[in-house]
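Sharing a structure with you now.
Letters A, B and C mark the chains in the order given here, with residues in each chain numbered from 1 onward.
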Amino acid sequence: MSESLISARGLTKKYGDFTAVNAIDFDVAKGESFGLLGPNGAGKSTTMRIIAATSQRTAGTISILGRDPEEHGPQIRAHLGVVPQQDNLDGELTVTENLFIYGRYFGLSKKFIRAKIEELLEFAQLEEKRNVKVDALSGGMKRRLTIARALVSEPDILMLDEPTTGLDPQARHILWDRLFRLKETGVTLVLTTHFMDEAEQLCDRLVVMDNGKIMAEGSPLELIKVYSTKEVLEVRFGSERNKEVAPILRGMCDRIEELPDRILMYVEDGEALLEEIIAKKLHPTTSLVRRSSLEDVFLRLTGRSLIE
Amino acid sequence: MNSGINVAKVRSIGAAYVAEARISQMMKWKGIIAIVAIGNPLFYLIAIGIGVGVLVNQNSGTSGTGGVEYITFIAPALLAAAALTGAMDEVMFPVLEGFKWRKLFFAMNSTPLTGTQIATGVFMAAMLRVAFTVFCYWALLVAFGVFSISQSWDVVPITMFAAGAFAAVILGITAKVTKEDFFMTILGRLVIMPMFLFSGTFFPLESMPTFLQPIGWVSPLWHATELGRHFSYGYSISGLMILFHFAYLSLLLIAGLLLANRAFTARLAK
Amino acid sequence: MSTAVEIADARANKFGHQLYAGRARAIVERSLLALRSSTWVPIATGFVEPVLYLLAFGYGMGELIGNVDFGGKTIDYTVFIAPGLLATSAMNGAIYDSTWNVFFKLNESKLYQGMLATPLGPLDVALGEITWALLRGLSYAMAFMAITAPLGLVPGVAAILAIPAAVFIAFGFASFGMAITSYFKTYQQMGMINIVLLPMFLFSGSLYPISVYPDWLEFLIKLMPSWHGIELVRDIWFSAFDNGTLIHVSYFCVMIVTGLYFTTRRLRNLFMR
């Protein structure tokens, strides 16, 4: 691994008796796009806040650009661009004023910021909205503005907490495109998400978190390889018959998962297995062969029950 | 399909359901409502009634206040001011919340409830709060010996009526508001504050410079105060004036409710 | 031209660099931008309040009250209340700016969260917000002076010192108000602030001398900051200094320091823990 920008060992955060982050280790390399995946309450946002030097750890060590956030909070924050889960744009100001004042918070000169604003407005596709108050922007525009705002200080690391939650597909794709371009310019991305497609699109490497612990680590492809099969066959026999058919199917592949409405079978070749099933005269009402996705990995590692 | 929803019933008493929802919201504030209902009159009476009263008495005795003690003079006015501002709070904030902040009215409107019923329900709940405020205030005035029960009981419904008239107007206007910061500032600073100060509340309207007196004439607080003074301690005004005060307040009440009805229906249909 | 990192690194070894980045002015700049775009109406209309009170109580009540004894002299009632109203409006303005305004930015718009994700520290935010409140109070005090002087309500040139005095007491209220607000979570708790303020201002002696009250009530009133604020401005207005003046000044010094201490501490705990 090349030079590591962020390095955590035994990182722990407790709120009273509750352990939000439980002794995790990870490294993020320069220029890498690193994802934290996990269900709600897994400890992703807490980890993000510790990296962003706005939350103090209970135990363990963390170094960001070689510095300890407890000693050098302001210096570390000067390297970061933060995009929080909920937009906290300044509702009393216009689009350009938001960008301008945020730069001033970093102490940047007015001249520098004014030039930067033009660049950022173009990047965020907000040139026509420059003098509009942010309350009048759509959700996607606000999100793009929040990202543009985080870039005003030319950060080395961009921290994104669930960047596309609540956006429509068009807005998500535009955002992914912008983030990908940033990555190409050498910005390190650290992001949390619970969208698997997003993780596959954006992350070079990711960790899956659950209950404050890291359950798995690797590139999206590696994770699929280790924790799932190449393909998945989904068959439905109607909720009555699923139960009686399941024991027969169980012998036909390595791993099988019975859900209330369907049965998932993890195999290397889904079509072949389906033919086998039909040959046994077990006619499923519907069937689907698909490639294994990160979602299968995620559900396997963090379970299917609702976490609330 | 029988889901147990009686649409006819919702149609007929829907406003009461809205009022019920409002009242349960108010209950979150019950501690504060109770403290305000008792504390407000207590503090004003001791501070202004006694504090300023001493100065007035030293200087001009009771000649400037029509022959009554200063505290007696301001009591009906303070009662009316508390009723009017209390009523305003209970319509203004729920309406801003309902249309703007939490958009509750749109949720209500997706049930069989109509805009008219929502407006009426909010108004009814506000009047209940006003009844509580006015009664507490009046009871305290009686306990202090400022008012006598037999002479002043009719001040309670009359003040409530005046507060209702004011609340109706605020209800109608607030339902049209989109820039609430602007609205609340203008209302508070440029309407409520002058109304409170220039409606003959602390001194007879006639002792103001003439150019300021028209503020009192259009102010519902002045009309409420004149009626309050007449019915609580026998301040003498002509029958014609009494009729005029009632007519003015009735006009506000009707106009306000009509406006509210139209504004609610229109905004919910948007 | 320095980059964000160079600017932050330059302070890395300064005392208290985690709390203060030396950029409270950026917060004031933000308020100026907001003034242009959004907040000019509430700010522009703010100065009318003391003027309305002066008209109503000066001219309306003046008829009923006539003259008042103050410090052994007999003065016109309107002259008596003018400094009280100046002080009251300075305190009220500071309280509004540091309570409801701060509550909103803290809990609804999450503005401070955004500021503290940058190299700014909690003390930058606290000082910046308070400075803005004071600039606003300063302009109101000057406007009030400009109205009262031609009306003959200002006894002498020395009374101009009442302007900095008004800003000084506003500082006390702003820093203390912000500290209290930062601990509050619900609108109901905020409602309690208004309830406490009502008696505090009614009894603080802006409209009448508190000597009309029994000793025990007078004693309680003299514990309250509003009384000290009004007395301080009134002492300066009439150039009637005594030991009391010094007590009033000390009272507000303590308020400013404790307010700033608790605000900074609380903001750090809220956003940096």
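Please note the rule applied: a contact is a pair of C-beta atoms (placed from the backbone, for glycine too) under 8 Å apart; a residue touches a chain by one contact, two chains touch by 3 or more.
For clarity, every value in this text was computed on a predicted model and none was experimentally measured.
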*Starting from the Cα centroid of chain A, hunt down the chain whose centroid lies farthest away.*
B
*Which one of the chains is closest to the middle, using the mean of its C-alpha atoms?*
C
*Compute the distance, rounded to whole Å, between the mean C-alpha positions of chain B and chain C.*
30
*Take the average of all CA coordinates in chain A, do the same for chain B, and state the distance between these two points in whole angstrom.*
53
_Counting only Cα atoms for the centres, state how far chain A is from chain C in Å._
46
*asked:* Using the touch definition from the top, which residues of chain C touch two or more other chains?
replied: 38
*Contact residues on chain B for chain C in the complex?*
28-29, 31-32, 35-36, 39-40, 43-44, 46-48, 50-52, 54-56, 59-60, 64-65, 70, 181-182, 185-186, 189-190, 193-194, 197-198, 202-203, 207-209, 212
_Could you list, by residue number, the parts of chain C that touch chain A in their complex?_
1-5, 7-9, 11-12, 17-18, 21, 23, 26, 29-30, 33-34, 37-39, 109-111, 113-121, 271-273
*chain B-touching residues of chain C, taken from the complex the two chains share*: 38, 41-42, 45-46, 48-49, 52-53, 55-57, 59-61, 63-68, 77, 188, 191-192, 195, 198-199, 202-203, 207-208, 210, 212-213
*Given the complex with chain C, which residues does chain A contribute to the contact?*
52, 54-56, 72-75, 77-80, 82, 84, 86, 88-94, 97, 100-102, 104-109, 111-112, 133, 153-155
